[in-house]
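One structure follows; several queries about it will come next.
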Amino acid sequence: MVRVGIVGVTGYSGRELLRYLLRHPHVTLTYLAARRLSKPTPIRDIYPELAGRLNLDYRPFAVKEAAASADLLFLALPPGVAMTVVPALLNAGTFVIDLSGDYRLMSTRTFARAYGFRHRHPQALNDALYGLPELYREHLSHTRLVANPGCYPTAAILAAAPLVAKRLIAPDGIIIDAKSGVSGAGKSLKEELLFTEANEDLRAYKANDHQHMPEINQELGRLGRSRFQVVFVPHLAPMTRGLFATVYLRLKRRATASQVQRWYNTFYRDEPFVHVLPPPALPKTARVAHTNDCELAVRVVPGGRTVIALAAIDNLGKGAAGQAIQNMNVLLGFEETAGLQ
Amino acid sequence: MVRVGIVGVTGYSGRELLRYLLRHPHVTLTYLAARRLSKPTPIRDIYPELAGRLNLDYRPFAVKEAAASADLLFLALPPGVAMTVVPALLNAGTFVIDLSGDYRLMSTRTFARAYGFRHRHPQALNDALYGLPELYREHLSHTRLVANPGCYPTAAILAAAPLVAKRLIAPDGIIIDAKSGVSGAGKSLKEELLFTEANEDLRAYKANDHQHMPEINQELGRLGRSRFQVVFVPHLAPMTRGLFATVYLRLKRRATASQVQRWYNTFYRDEPFVHVLPPPALPKTARVAHTNDCELAVRVVPGGRTVIALAAIDNLGKGAAGQAIQNMNVLLGFEETAGLQ
Amino acid sequence: MVRVGIVGVTGYSGRELLRYLLRHPHVTLTYLAARRLSKPTPIRDIYPELAGRLNLDYRPFAVKEAAASADLLFLALPPGVAMTVVPALLNAGTFVIDLSGDYRLMSTRTFARAYGFRHRHPQALNDALYGLPELYREHLSHTRLVANPGCYPTAAILAAAPLVAKRLIAPDGIIIDAKSGVSGAGKSLKEELLFTEANEDLRAYKANDHQHMPEINQELGRLGRSRFQVVFVPHLAPMTRGLFATVYLRLKRRATASQVQRWYNTFYRDEPFVHVLPPPALPKTARVAHTNDCELAVRVVPGGRTVIALAAIDNLGKGAAGQAIQNMNVLLGFEETAGLQ
Amino acid sequence: MVRVGIVGVTGYSGRELLRYLLRHPHVTLTYLAARRLSKPTPIRDIYPELAGRLNLDYRPFAVKEAAASADLLFLALPPGVAMTVVPALLNAGTFVIDLSGDYRLMSTRTFARAYGFRHRHPQALNDALYGLPELYREHLSHTRLVANPGCYPTAAILAAAPLVAKRLIAPDGIIIDAKSGVSGAGKSLKEELLFTEANEDLRAYKANDHQHMPEINQELGRLGRSRFQVVFVPHLAPMTRGLFATVYLRLKRRATASQVQRWYNTFYRDEPFVHVLPPPALPKTARVAHTNDCELAVRVVPGGRTVIALAAIDNLGKGAAGQAIQNMNVLLGFEETAGLQ
């Protein structure tokens, strides 16, 4: 059994990691930590439902202890925090899977623009692996630091990848209209996240100005060997979980519905978690809730120049904790679906 | 007081019409009818909350009685039904505001393709007025038959109109990604509309295949004197009311954010119900719930070639019953906001 | 037109008061204030949807200005605040309707136990009128200070009153099981009120320990000339509005279903807002949402010794702002339903 | 591996059984059936998300095939159906766990009154075991037919059992106020179960007239060796899953809070799924969603004569499918928590 730990266990991603790890057949949870905590606290004080199932203290984070207690650490921390602890953890020989955006961007300039502050560990940006197994599976076993993708980028990239990889899409030919459940915003005490404010409301936010945009552009750019400038509008929908991305792609040359369907089927043929639906089925977030699955469908607009690719994931599953487990599985040589079905 | 009636009062639009008409200062409700009903039934048997407020029977629909009882009739009926009663009502001299799609399309061929059956009253298609007051206000006082717009077309057309009217948009340059509350689907007993199926779910449906598409194309075409072929994907969000349309428009030539904002401000300057929000505000459906308002915002994508126009309405308000009242107000010469604030 | 104002307009009750007052036929809104505010701010900055409908500044609260600007003030403030401004307002001759719990209890000792701090204006506790028009209508025209009832007490008292007034209930014979929408908890930034925490959850809180209990005991005691000690468990349900109280009453002597139904019908016969439903109908909160109505139903348990009385109100309507308007109407001699239908 | 099957797999309980059985370590799914089905259909046609995980046809139910294919069958069928197939299945030697109410009541007269039709297999009513493992664990290994308890009875009985078993409760001393998520009503196409009708609504239904009442009376009666006549009001809350029962118990003699807490702690000390919370914690349905857990808390009303016992379960977990798995585990000699954590 590999010993694993979580730093940052009170947020929604941390809680979901706990859920997945408790039923994982090949690992054992040996370390739980918070950054700010005066003294060790039983985890059941925070999650009473774990009483009798996990007899572990939640501890003030300390690099030495963390590295001694766990072979692999999941970091589920706010932006800008992982970069302050990762260097020491890597030095101590620990594997790290970071669920924040700290190591996802390769350019420090892009990072500073997206997040509004400078990166404090820039030398690692090129070593970190962008943990989307569908694109980088073969590299996962050679890295010690995985940058777990954002929820919006996961859905958007999986929806666009087959056409981008074929270099069929113009750099300005991608529009991503995404709808997320409220847990995507984390557990922050903001008025707009109150039940009374979010219930019975649908709204856009950060229209074409979200910090996940550069991440999407970077990854589609690497895949399509081009410089993409996507249009991206995220929306908040009144549900706890679920992320739906409707991606509109302008093709450089005509394609038929059956061609596009075939390309998607082929691209994801061997993927255990990406399901390309046969027409007339369309994805729905409820069907992927509490899973690591991504449902995909494609439609071609009459005329053959525009493709609509639709993707549904659980923002806390394939969009965060589930994908982190998948990354761990590949990284450590387990079967890729272990603990995820 | 003008005498008004409603045919089809058990659906959500009919109920909402009741709510608006009961507090309207210039009309009195004199007739309520259903098509299939064996004998007159007190309306309070269906809506107990109206006991003591509306002492009216709900009656089996009969043209003669309807025409004798009301000066103006709202029809809130399933597709294909209004066209079977409108001819007689017009002959009898009654004003008609039809909330279905029966009289919105000008071409019988387009109608047959959109709705799957032939129109039975084609000669009226050119006389009916498309009741979007923001575009056709001056014609409203000359018609006897108003085709009240669909909820999706209302939001989409209002979002696109200022740029389309300026003829700045290419025929294939419009993508409409719309999100609707569940009441948009009516009160039909379909499994997918059960609480347990729609709750905690977001999904697309009829992707680029919705019967409202030809209506949008027709109206944008008239406005922009061109043949538009929009891309249109409707989604269902887990809320009762509300419709959010995110419209992506490709410009024929560059424009700046302040230009576009100014065009929208100007276009809707005198409109009582369309509110163009100053940046950084974005629309939200909760704010327009139970109103006839439309909130609009615009963003220009860097490069100046793509505009994102975002609109929020209440699908039962500006998207159905509210707009029908607004049409009646103009038609009958009342102040346009009567009963709507 | 009577000039009215609101102090505390950013919370849910304040917002609902605004909504009701804007369409009230006999009053004009002349004053809006907050306690903590550095300088006057247009109300449309907080509620953009009011732009063009209410051209009023939101001002730092000042007694003199308030008294000079309005004949009647609604106070929608957190517990313990109204008592610090009411004395000066009464001195200045202003009518006050207080929506907090500050003036609802007649005993300072009970107050201190319920709210956890001492009352600072105890001499007014006997002058304030408990504003439940169904019980105290005739006294409303003789008071200058109305203590608007809590949402739970409104539903619970209306459900129990006909039997308590008949002195049929033993002092320990009342159990109140209440379910509230989340807006009942106000707009406070507490983790448990986040959408992600409250959605898909039903839970009890403050079981038999809620600050509204003494209020219910006091009022039922006055009505039944006895000392009641109710059992009261409030619950939070995943909806924005609505309050449902299921009240179990143990009778001192047997009664039949038709007797009890008749007593309730008689007790509320002339009430414009309390609707006793004929069997088999049962109340539902959706039907009273956005209204000042209270739906009531009664059932007698076989054996005839226990009555189940069920009440549904909108916690922001009859449970707060609606009732405050009703109180104002009676206080100022308007028809009781003005602005409420 | 024991071979198990499900008859009735399209409802919510059937779907949940599938979920639990797919990850159960000691059984293999070998048979899925529907009563009405013209020909075998791949299960992935109904549940696309199972593609690649369960390669099984969904078959027209036939006793012979069922008995040959599976050692144990779960029946998740509408009321009155199980009783038509159970006799043959028992004859064929199959173990049966029935999730309907067909075998829960011991008296045919009570059955007929509760369900409105006569029992067609009355001779089995005394052989069937009421499958609440917390009460009947030791008998489970001696039965071939388990009547899986209803969701309301499960929560209500677990909440009341420790005091009833101590014979501290008078026969008319129990009031059960229960709140259920909408999935408790099954997947029936009723207008009241539409999203648009159930959302933002809380309502009571079948007040003191629910078919689960006799089941509760029977089981509490056996436990307390008395004839209970509970008062029971079920409510519908706008959430998919979750059941909360607030049970008010009148004691024959005084007890203190610490006594009652101790009795509950002791009664459920060794139970893997019933968690008695230490004060001040109270149960919440969100915490038990998707689990077989039951959270319990108790409060004593001042005076010591009334206890409030609060229970939260997932109506599809401990209230249906989870409990069915727990029953199977005991019945077949597996560890009781297998596949349930």
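Order of writing sets the chain letters: A, B, C and D. Residues in each chain are counted from 1.
Quick note on the criterion: contacts are C-beta pairs under 8 Å (C-beta built on N, C-alpha and C of every residue); 3 or more make two chains touch, one makes a residue touch a chain.
Note that the structure is predicted; figures quoted are calculated from it, not measured.
Visitor: By mean C-alpha coordinates, which chain is most distant from chain D?
Guide: Relative to chain D, the chain whose C-alpha centre sits farthest away is B.
Visitor: Any idea whether B-D or B-C has more C-beta pairs in contact?
Guide: More C-beta contacts join the chains of B-D.
Visitor: Measure off the straight-line distance from the CA centroid of chain C to the CA centroid of chain D, and report it in whole Å.
Guide: 39
Visitor: Which integer distance in Å separates the CA centroid of chain B from that of chain D?
Guide: 46
Visitor: Provide the C-alpha centroid distance between chain B and chain C, rounded to the nearest whole angstrom.
Guide: Roughly 37 Å separates the two chain centres.
Visitor: Among the residues of chain B, pick out those that touch two or more other chains and give their numbers.
Guide: In chain B, residues 197, 199-200, 238-240 touch at least two other chains, as defined above.
Visitor: Could you please specify the touching residues of chain B with respect to chain D in the complex?
Guide: So the residues of chain B in touch with chain D come to 12, 182-183, 187, 189-191, 193-200, 238-240.
Visitor: Within their complex, state which residues of chain D touch chain C.
Guide: Listed in rising order, the residues are 172, 175, 177, 179, 181, 197, 199-205, 207-208, 229, 231, 233, 235, 237-242, 244, 246, 248, 282-286, 289, 297, 299, 301-303, 305-306, 308, 310, 312.
Visitor: Would you pull the chain C residues touching chain B in the complex into a rising list?
Guide: Touching chain B: residues 22-23, 48-49, 51-53, 200, 272, 275, 277, 281, 287-288, 290-291, 293, 295, 341 of chain C.
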